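Dropping the structures in below, format is structure tokens.
Each of the next two complexes has chain A plus one other chain: chain B in the first, chain C in the second.
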Partner chain A sequence: MKKIEREVLIIGGGSAGMAAAAEIAEKGHSVVIVERESTMGGILNQCIHNGFGLHRFKEELTGPEYAERYVNIINELPIDQYTGMTVTEIDDQKDFKLVYAFSSHEGMVEFKVKAVVLAMGCRERNRGNIGTPGSRPSGVFTAGLAQRLVNIDGLIPGKKCVIVGSGDIGLIMARRLSWVGADVQAVVEIQPYPAGLTRNIVQCLNDFNIPLHLSHIVSKIYGKDRVEGVDITPLIDGIEAPVQTFHIDCDTLLLSVGLVPDNEVSKKAGVIISNQTSGPAVDGNLMTNVEGIFACGNVLHVHDLVDFVTEESIRCGSYVNSYLEGKTKGSQYSVMAGANVRYITPNKFTSDSDNKFYLRSMIVKNQAELVVSLDGREIIRKKQKHVQPSEMISCEIKADLLKSTGLNEKSRLEIGLKS
Partner chain B sequence: MTREIICISCPIGCHLSVSYRDNGNVQEKDIQIENNKCSRGLIYGKEEILSPKRVVTATCAIDSIHMARIPVKTTGALLKNSIYPLLEDLYKIKLMPPVSAGDIVLENFMNSGINVIATRSLSR
Partner chain C sequence: MPETYDVTVIGAGVTGAAIARKLSSYKLKTVVVEKECDVSFGVSKANSGIIHGGFHHDFSALKSRLEIRGNILFDQLKEELHFPFKRCGIVVAAFSSDEMRTVEKLYENGIQNGAVGIELCNHDRMLYLEPKLNKDVVGGLFAPGGGIVEPYRLVFSLMESAKKNGVELLTKFKVKSGTLKNDLYTIEAEDGRNIQSRWVINAAGLYCDEISCIFGAEEYTINVRKGEEFLLDKNATAYTSRVVFPVPSKDSKGMLVIPTVEGTTMVGPTATIIDNKEDYSTTKENFKKIFSSARRLVPVVSERDITTSFTGMRPTLEGDDFYIEMSKKKDRFIQVAGIQSPGLTASPAIAEYVKDIMKRNGLELIEKPDYDPNIDKVPRFRNSSKEEIDKLIEENPAYGEIICRCENITEAEIIASIREGHDSLDGIKFYTRARMGRCQGGFCTYKIMKIVCRETGCSMNDITKRGGESWIVNKKIGDFTTGSKS
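Let's turn to the complex of A and B:
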């Protein structure tokens, strides 16, 4: 078995892994990226639509263009890149970690490293996760898989499609399928409000007169070998109203019903997963409960903008640098999600440096207020023009605000939204 | 006639009520816009009636060992009614590697001044 020794191993060569690797290599530490696909870039490669990079590069790029900017950055740096290689296990030996991976080209490889960055991204929820009754014909795809088939493999999944879920991938696929000549019959959303960004509702559905059925579910799938149609049932006060069920003939059903951080390898290494985010619980240094294992990007929590993934991952890279140099920030105190906040990450803060948090709202509201309190005492109140669950909120808290506050081990920071 | 258009200039997404006389040749001064919270709503609403435009992203065939399609985009927003003719043209194109991001795939489509460029590089 081939044995390789480096300071840091990064699992995943998407936007998170590349940004973290660049930050680490720039400080002179040796770093290796292990990527499962044959090229770097991750999910960006199949997201051929534009709207990426407005924050990071101050221009509107498509997914592949954004990926290529970062591929060019990491190619300029001394970063080892292994593609077509899958990590199967992280063995924590306290002072160092052994990471096992394999590829058809290299066979089994053992990496000996001081730190590991989890950057595996997320995977799609599927039919099993939403429990749709009916037969099990072919023609049921997750939206991301359909996106890959159309945009990279050049295959069109079907001619008459219904999309379940109004998440951004589903909306983007409604337009993409319309543009490759398929007929999108409807988008069905269980919630009373759309899950995706408003601009995607406008440009991907309204432009093509595709109906969006809010508070509706697909209640049955028909077809033996191939999907032949679906039943759609409205929810009235949250309860199915079967009398009003209607039928749509279609040959394809796309599911855009959410993403789950992909943490199988993390769990095996003993990393504790947060119930709120389904990603690792991390401290203010984006380090998991296993010392030396860090996490960033969609494996930590599902982001809606790649720019935020990059920002978080650069920070993660700098925390890894501090760790390698023995300068990791000291005492960590608890952070809790307050009123109307579904989750917040990281779950710890420090008073030694500035803290950045990402949180997700549970409510849709104009003119909301973000309220930060420390041990019950309000320290920040900030106006938010508009909040909704599909748009992540970022919040920065300067170290000065926390330093002179008499922190003790029970100290608790709470961030909430006032409705 | 009156149309409801959602403004996408910012995340608030005002539901604009846009009224105009549909005589086949709508003038800017004949367009009335209500329910906008800021002036950007006025600009957006008028543009959507007078000359709605969209950036188009699509793929062309490529003869590569890595993938069957290569992503492309228009260099600017194209009039909405030119989109399907453009897609027809794009789907007839087959590229050969090497391709660099930014390479022109289709020049000055229908004299619009808009090019279609590759958005991914591929060496083989």
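Let's turn to the complex of A and C:
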């Protein structure tokens, strides 16, 4: 078995892994990225629509273009890149970690490193996860798989489609399939509000006259060999109203019912997973409960914009640098989701540096207010033009607001949304 | 001239495959015909995968005797055929003194049948044997000889072994007619293919009644008892160390919690009598029923862990026993019908039993000197140590390419599947487990499709989930707009 020693190993070469690696290499630390696919870029490679990079590069790029920018950046830096290689295990030896990865070229490799960055991205929820009754024919695809088939292989999954879930990938696929001549009959969403970005509702559904059925579910799937149709049932006050069920004939069903951070490897290493985000619980340095293991990007919590992934991952890289240099910020205090907040990450903050949080709303509201309080005392109140569950909110708290506030072990920061 | 065989087995489920393998040790020309595109696509793919412990029925039932005998044969079969099998033991949990009385009856069945090591247990012993059981358990039964098996892998291995010893397999061969002339049956498929055979074995599962009718043999009706089951993620805390049964009711063994050999947890099955043999749908009501009854046994069972669900059909006959006999109306036509549970368990014993019937009725059985009961073992990445993986990759770099990331299935294993003839997406899934994990193929489907195209020379449009009309993609960009295909 081959053995390699470096300071940092990054699992996953998507936008998160590349940004973290660049930050670490720029400070002169030795870093290796291990990526399972044959190219860097992760999920960006199949997102050939534009809408990437407005924040980071101040221009509208497609997914592959955004990835390419970062590939160029990491290629300029002394970063070891292993593609076609999968990490299977992290063995925590306290002072160092042994990371096992394999590829067809290298066989099994043992990496000895001081720090590991988890950047494995996420996977799609599937039919089993939402428990749709009915038969089990061919023709039920997750939206991401359909996206991959159309955009990379030039194959169309079917002619008449219904899409379950109004997540962004589903919306984008509604438009994509319409463009290639398939007939998108409807998008069905269980919630009373869309799960995707507003701009995608407008550009992908409204512009193509595709009906969006909010507060509806696909209640049954028909078809022996191939999908032949679905029943759609409205929810009235959250309860199925079977008498109002209607049927749509279709040969394809796409599921866009959410993404889940991919934490198999993390769990095996003893990393604690938050049940709010399904990603690791991390402190203000984006470090998990296992010292020296950090996390950023979709593996930490599902982001809707790549720019935020990049921002978070650059920060993660700088925390790793501090860790390697023995300058990790000291005391960590609790952070809690307040009113109307589904989750907040990270789950800890430090008093001696600026803190940045990402959170998701549980409500849909115009003119909401973000309220930050420390031990019951309000320290920030900020207007939010519009909040909804599908749009991530970021919140920055400067160090000076937290300094000299008499923090103790029990101190607690709460971030909530007032309607 | 159509090919002429000594024996034709209709149906490549566990029953047909076990019989074919048994016959392959003799000097006979045997063929198995199957209507689906691969073997084990009938009842044998969708069941609970339990190797039963020999206590559910008393000795008067044929199925009970064959269950005991079949169970015993599994250790040797596994040695030879390498399918996943584990004797994890079965517990039956009772929650009242009434239920305990039924358990005592089961115990007596077990003793009478000769079930090895069977015992009655009190509350403490039950929880010791299975710590995840509901603490309200009063007592129960333990059958250490019970186990779990991966059913389709069992069938695949049986068939591979049969083929290795000279049996032929014709898939997509849906038997449409069978006529007897001059001691020879002519068997015709729906697509016009023809074969001739001296003996016919009817092992058509749900369709045994139709086959019997087609050949002019006995008239009977297969009644279908449908069972829905749910599979939970391999990280689910519900994974028990033994198969957990409730106390059975009159017409069903009840809904269970099953720790599958591959590490996932299965809950179910229901038992509903239905008319339509093709109704593979699942319903919400049964979903609720299964989970509440599973939680009564093992409280940590959670809907949150569901990765998929499926439906199986039990082919049952009036009287609820197996019907394995020489036809009284047609010469050299053997009925192997009503093979409901414990069909999987009994299959190796059914094969012996059928062979004996044939021998008694004049078939000359001469052992083949070159019969080889063993098949090659395909190394599994997921079961290998780091050192073994390093070596596997060195010998075959395709072991370094992970295709299905949830179940850790490599390109080497996918290729082995295709070369063994399992080239539909479901065939590959059953052979390798690719697409069976938590993402259910979200990531790897297109990769598998590419490998199939490369290995078989077919195009993406030719690939199906399980044959027939189950196409995956049938259009290329541009096709709809030019209107070339509809």
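Here is the rule we go by: the second predicted complex is superposed on the first by the 419 of 419 C-alpha atoms of A that agree within 3 Å, B and C clash if a C-alpha of one lies under 4 Å from a C-alpha of the other, contacts with A are read in each partner's own complex, and residues count from 1 in each chain.
By definition in this document, a contact is a pair of C-beta atoms (placed from the backbone, for glycine too) under 8 Å apart; a residue touches a chain by one contact, two chains touch by 3 or more.
All values reported here derive from a predicted model rather than from experimental measurement.
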Margin query: Looking at A:I48 after the superposition, I want to know if it touches chain B, chain C, both of them or none. Which is it: first, second, both, neither?
Written below: first
Notebook entry, point to check: In the superposed arrangement, which partner chain does A:S103 touch: chain B (first), chain C (second), both, or neither?
Noted result: second
Note to self: In the overlaid three-chain picture, which partner chain does A:D207 touch, first (chain B) or second (chain C), both, or neither?
What the structure shows: first
Margin query: A:T86 in the overlay: touching chain B, chain C, both, or neither? Say first, second, both or neither.
Written below: second
Notebook entry, point to check: Does the superposition put A:G144 against chain B (first), chain C (second), both, or neither?
Noted result: second
Notebook entry, point to check: Is A:D153 contacted by the first partner chain B, the second partner chain C, both or neither?
Noted result: both
Next item on the list: State whether chain B or chain C is in contact with more residues of chain A in the superposed arrangement.
Entry: C
Notebook entry, point to check: Which partner does A:R199 contact after superposing on A: first (chain B), second (chain C), both, neither?
Noted result: first
Check: So which bits of chain A does chain B touch that chain C touches too?
Finding: 150, 152-155
Next item on the list: Name, in rising order, each residue of chain A that touches chain C in their complex.
Entry: 1, 36, 84, 86, 88-89, 100, 102-108, 123-124, 126-129, 131, 133-139, 142, 144-145, 148-150, 152-159, 180-182, 219-221, 224-226, 267
Next item on the list: Please name which positions on chain B make contact with chain A in the complex.
Entry: 6, 8, 10-13, 54-59, 61, 66-69, 71, 73, 80, 83, 87, 101, 119-121
Margin query: Quick check: in the complex, which residue numbers of chain A touch chain B?
Written below: 38-39, 45, 48-50, 60-65, 67-68, 150-155, 179, 197-199, 201-203, 206-207, 366, 385-386, 388, 391
Notebook entry, point to check: What residues of chain C sit close enough to touch chain A in their complex?
Noted result: 231, 235, 278-284, 287, 303, 306-311, 386-387, 389-390, 393-394, 397-402, 405, 408, 425, 438-443, 445-446, 460, 464-481
